[in-house]
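There are two complexes below, and they share chain A, which is joined by chain B in the first and by chain C in the second.
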Partner chain A sequence: MFGALLVAGIVHGLIIGLAALAVTLVFGIARFPNAAAGDTMTAGAYAGLLAHQASGSLALAGGAAVAASGAVSLLGYLLVFRPLARRPVASLLVAAIGVAFVIRAVLGLIFGHQQQVFQVPLAWPIEFMGLRIPPMDLTLAAVAACALAAAFGVLHLTSIGRQMRAVADDPDLARVSGIRPLRVMVALWLLAGAAAGIAGLMLGVKTVVSPEMGWEGLLTAFAAAILGGIGSPAGAVLAGLLLGIAQEVSTPYVGFTYKIALAFVVMLAVLLVRPRGLLGRVEGVR
Partner chain B sequence: MEAYIVAIAIVGAIYVLLTLGLTLQYGLTGLVNFGHVGFFAIGAYASAIVSMQGVPLVASFAFAALLAALAAWPIGLVALRLRDDYFAVVTLGFGETVRLAITSEKWLTNGVQGIPGIPRTFAGLGVGLPGALATLAAITLVCVAAALALRRITRSPFGRVIEAIRDNEEALKALGKDPARFKIQVLALGAALAGIAGAFYAHYITYLSPDQFIPLVTFYVWMAMIMGGVGRVSGAVVGALLLMLFLEGTRFLRDIAPDAISGVAMASLRFGAVGLALILFTLFRPQGLVGDYTRR
Partner chain C sequence: MSLVVRDITKAWGGFRALDGVSFEMESSGLLGIIGPNGAGKSTLFSVVSGFIAADAGSVALDGTPLDRLGPAARARAGMIRTFQVPREFHHLTVRENLMAAAPGQSGEGLLGLFLRPGRVRAEEDAIRAEADATIDFLRLARVADTPAGRLSGGQKKLVELGRALMAKPRLILLDEPFAGVNPVLIEEIMARIRDLNGRGIGFLVIEHDLDALSRLVPRLVVMDRGRVLATGTPQAVLADAAVREAYLGGAPA
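After this line comes the complex of A and B, so read on.
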C-alpha cells in the first residue's frame, strides 16, 4: 500500500515539479507569479490529446504539447506581459489571471467541458521488489526525466541558458553586460511553456483532460515553487517530488479534497519559517 | 418584471458590498487580495448555519461579519510579512482552501449537496415582492452606510495612513507608523463587508453549495473594481453595476438565442469576457472609467 502510494507520488511529483519549474523560471526572471501557468498546462494537454488521437504516439503527443504550450506562453508574454513590464506587480498579477481565464475560455469553447481521456493500452503492472508498477508510470517518469534533462541542459549548457540565469541573478548587471533582454525573455517564456506543456500532457495521461485541470493544479505548482525556493529550478523539481509524495501518501488519512489544502499549508509554513525555500537564495519575500 | 428588476438589484447590491470591501483592501491600501470569495463564503455559511439553529437574522448577520473578519486575522498576520506577489498567491490559496473545507466538512456544511431551505430575510412579509423589496431596502441601506463609511475613511487620518501604505510603505515606516496594524484592520474590515454580503446572499438565494464560491467570483469583483476605477468609492458602485449589466446581459443573450449558444459555451464565453476585461483594462485603462486621474 505504502509502496504503491510512493510510486504514484513520484509520478505525480514529477508532474508538479515540471509545473513548478515553469512557475519558478518566470517568477525568478520575469519576477511575478504567473497564474496563467496552470492553463498553459491545459493547452498542452489538449494539444497532446489531439496528436495522440490522430497518431496514437505518445512521443508525437509530447511534441504537440510542447509546441502548443510554448506558443501560448510566448503569445501571453508578447501581447500582455511585455507591455506591462514596467508596471507595479499587482497589474501583472491581475493580467495573468486574465490570461488564464482567456486560455481556459478558448479551450472550453473548442473542446467542450466534458472530461476526455487518453486512450492508452492497458498493460500488466511490472513486479519490482514486491512493488507493482504500471508500465505507463515508467513511461511517464522517463518522459519527465527527459524533459527535465532538456530543461536543465538548456539552462546550464547553452549560452542563452547562462544569460537567463544571469538575468535571474541580477537584471541590471545582465543588461550592462550586454545581454539582450528580449532574447532572454522569449527563451524564458518558451522554456517555461514547454515545461508546462509536458506537465499538462502527463497530468492528462495520468488523470483526465478538462478545461479546469490546469487551474486546479496551479496552487500546488506555486507551493512547490515556493518550497523549492523561487528562481531555483532544481529546488522546484525536488519540492515537486516531495509535495507529490506527501499528497499521495497523506490521501488515505486526510481525504482526496484536502490534497490542495496540504499544498497551501506547506506554502504558508515555508513562507513563515524559511521564505527562501529549500534551495533558494536569500532574497526578500517580505 | 418588477420581481426580476428587484432580483438583479439585490444581487447587484451584494456585488457593490463585495467591491467596496475590495476597494478598501486593494484600491486604498494596495493589498492584492485574490481570496475575496473565501470571506464571502465564510459569511454566507456562517449566517446560514447559525440562523437555521434558530438564531435571529440580525444576530446571524453580525456573526457572519465577525467570523469573516476573524478569518482575515491569521491571513493578515501571515501575509503582512510578505510582498504583494506572495500575498496574492497566499490569498488565492486561502479562497480555494475555504471552498475545499466547505466541500469536505459534510457534518457542518452538508458538502456538495449544499444547504437548502435557508430562512429568507423579512420572511414575515411573504415570499413575494414585499419581502424582496424589504430585502432590497435593507441591503441598499447597508451599501450606502458602507460607502459613506469608506468615504469618511478616505478623509480621515486612518485613510491617509492606508493610502500611504499603498503609495510608499517604506516612507511610512520611516515616519514611525506601523503598517502591520493598519493592514490587519483593513483586511478584517474588508472581510467583514464580504461576510455581510455573503449573509445577504445566503438568505436571499436560500440555498448554498460549494460551487457558488469558485475563484471566478473573486475576479468578478476585481473586474468590477478595475472597470469602475481603482481606489474610488463611486468607482466601486459604478463597477458593480457594470458587472451586473454584463452578467445579466450574457444571460439575456442566451435566453434570446438558446440554440446558438449552449449553457457550457456561455460559461466559457463569460470566462473569456472576464479575462479579456481584466487584461484590456490593465493594459489600456488602469484608472478605470471614473478613476483617479491625479495619480498613476
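After this line comes the complex of A and C, so read on.
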C-alpha cells in the first residue's frame, strides 16, 4: 500500500516539479511570478490529447505538447510580458493572471468544458520487489526524467543556458558583457513553456483534461517553487517530488480533499525552519 | 591610435560633477586618473564607458566617435570597464563567468543549438580553451570551478579582469583595481596589467592608492572639482603646487 502510494507520489511529484521548474525559471530570470504557467500546461495537455487521438503515440503527444506550450509561452512573452518589462512585479503578476484567463477561455471555446481522457490501453502492473507499478507510470516517469535531463542540460551545458543563469545572477552585468537580452528571454520562455507542456501532458494522462486543470495545479507549482528556493531549478524539482510524495502518501490519512492543503502545510513547515527554501540562495548580499 | 576625451561636462542638478574635462591617451598606453573624493573621477569613468550620458563633450576611440553607443556597444568597439565594487555572476563558476563574457556565440540561440550542433560545439570548445588560458594567465586555475560569489575581493577583481579580457578589448578601464585588495594580490594584479600592456592592451586606471598607481603608470591626470588640474609623469605631477594643495591638502612633502 505504502509502496504503491510512493510510486504514485513520485509520478505526481515529477509533474509538480516540472511545473515548478517552469515557474522558478521565469521567476529567476524574468523576475515575476508567472501565473500563466498553469494554463500553459493546459494548452500542452490539449495539444497532446489531439496528437494522441490522431496517432495513438505518446511520443508524438509529447512533441505536440512541447511545441504548443512553447509557442503559447513565447507568444505570452512577446505580446504581453515584453512590452511590460521593467514594470512593477505586481503589474506583471496581474498581467500574467490575465494571460492565464485568455488561454483558458480560448481552450474552453475550442474544446468545450467537458472533461476528456487519454485513451490509454489497460495493462497489467509490473511486479517489482513486491511493488505493483502500472507501466504507464514507468513511461511517464521516464518522459519526465528525459525532460528534466534536457532542461538541465540546456541550463548547464550550453552557452544559452550559461547566459540565462548569468542574467538571473546580474541582468545589468549581463547586458554590459554583451549578452543579448532578447535571445535569452526567447530561450527562457521556450524552455519554461516546454517544461510546462510536458507537465500538462503527464497530468492529463494521469487524470483528466479540462480547461481548468492547469489553473487548479498552479498553486501547488508555486508552493514547490517557493519551497525549493525561488529561482533554483534543482530546488523546484526536489520540492515537487517532496510535495507529490507527501500528498499521495498522506491521502489514506487526511483524505483526498485535503491533500492540496497538505502541500501548503509542508511548505510552511519547511519555510519556518529554512526561510530561503530547500536549495535557495541568500539574496541581497551586495 | 588613441582615446580622445574632449570637453566633457556633466551636471547633477546645479552641481557640476564634470566641468570641461579633456585628456588624451594612446589606446595601447597606460594612464592613471587620481583626485580627491568628489573630484569627478567616477562620473568621468561612467561617461567614458557609456553608463552615463554627458551633457556636452565627446569621446572617441581610435577615431571612432562613441558618444551614441551604450556600454555593450562600446565593449564591442574595443573598450570595456570593470567596477570599483567587483561584480560577478555569483552562482556561475569562474570559468563560466569568463565564458559568459565571450562575444558572438552561435549557441546563444536555441535554434543554433539544434540546427548546427557541430559548429556550436566547436565554438564552445574554443571559448572554453580561451577561458582556461586566461584563467591560467591570471593564476586562477585553483578556483576555476568555484562559484565566483565565494571568492575573495582581490580574486573577484582578477575575475573581472578576466571577463574583460574575454571580450578581446584594445583598452580596459579599471575602476580602483587595488581597493580592498591585500598587498600581495595588488602586486599580482599590477604584474598582470604590465604583462597585458606589453601585449598592446591599453589601460585607463582610476585609483585611490597613489603609491601603487605611481609605480604602475608613466602618466597621471589629476582631477579636482570636475576639472583637470594637471597632467604629467607621477614625479612632475606630485611636485606640482596646485596638486599638492588639492590632493594632499597642502601638506609639505
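Operating definition for what follows: the second predicted complex is superposed on the first by the 275 of 286 C-alpha atoms of A that agree within 3 Å, B and C clash if a C-alpha of one lies under 4 Å from a C-alpha of the other, contacts with A are read in each partner's own complex, and residues count from 1 in each chain.
Rule of thumb we're sticking to: a residue touches a chain if its C-beta (ideal position, glycine included) is under 8 Å from a C-beta of that chain, and two chains touch if they have at least 3 such contacts.
All figures in this text were calculated on a predicted structure; none of them were measured in a lab.
K.L.:
Answer with first, second, both or neither: which of chain B and chain C does A:Ala54 touch in the superposed model?
P.N.:
Neither chain B nor chain C is touched by A:Ala54.
K.L.:
Give one of first, second, both or neither to describe whether A:Ala166 is in contact with chain B, with chain C, with both, or with none.
P.N.:
second
K.L.:
In the superposed arrangement, does A:Ile126 touch chain B (first), chain C (second), both or neither?
P.N.:
The answer is neither, since A:Ile126 touches no partner chain.
K.L.:
As a test of reading the superposition: which chain, chain B or chain C, is in touch with more residues of chain A?
P.N.:
B
K.L.:
May I ask you to decide whether A:Val94 touches chain B, chain C, both, or neither, giving the answer as first, second, both or neither?
P.N.:
Only chain B; A:Val94 stays clear of chain C.
K.L.:
Pick one for A:Cys146: touches chain B only (first), chain C only (second), both, or neither.
P.N.:
After superposing on A, A:Cys146 lies clear of both chain B and chain C.
K.L.:
For chain A, which residues lie in the overlap of the chain B contacts and the chain C contacts?
P.N.:
On chain A, the overlap between the chain B and chain C contacts is residues 285-286.
K.L.:
Tell me, which parts of chain B touch chain A in their complex?
P.N.:
It comes out as residues 26, 30, 32, 34, 78, 81-86, 88-90, 92-94, 96-97, 100-101, 103-104, 215-216, 219, 222, 226, 264-265, 267-279, 282-283, 286.
K.L.:
Please give the residue numbers of chain A that touch chain C in the complex, ascending.
P.N.:
Contacts found on chain A: 154, 158-160, 162-163, 165-166, 168-170, 173-180, 183-184, 186-187, 190-191, 281, 285-286.
K.L.:
Looking at the complex, which residues from chain C come into contact with chain A?
P.N.:
Residue list for chain C touching chain A: 71-72, 75-76, 80-81, 85, 87-92, 96, 99-101, 103, 105, 107-110, 113, 120, 123-124, 127, 149, 163, 167.
K.L.:
Over in the complex, which chain A residues touch chain B? Could you list them?
P.N.:
27, 31-33, 35, 80, 83-84, 87-91, 93-95, 97-106, 108-109, 112-113, 211, 215, 219, 222-223, 226, 255, 257-258, 260-261, 263-264, 267-268, 271-272, 284-286
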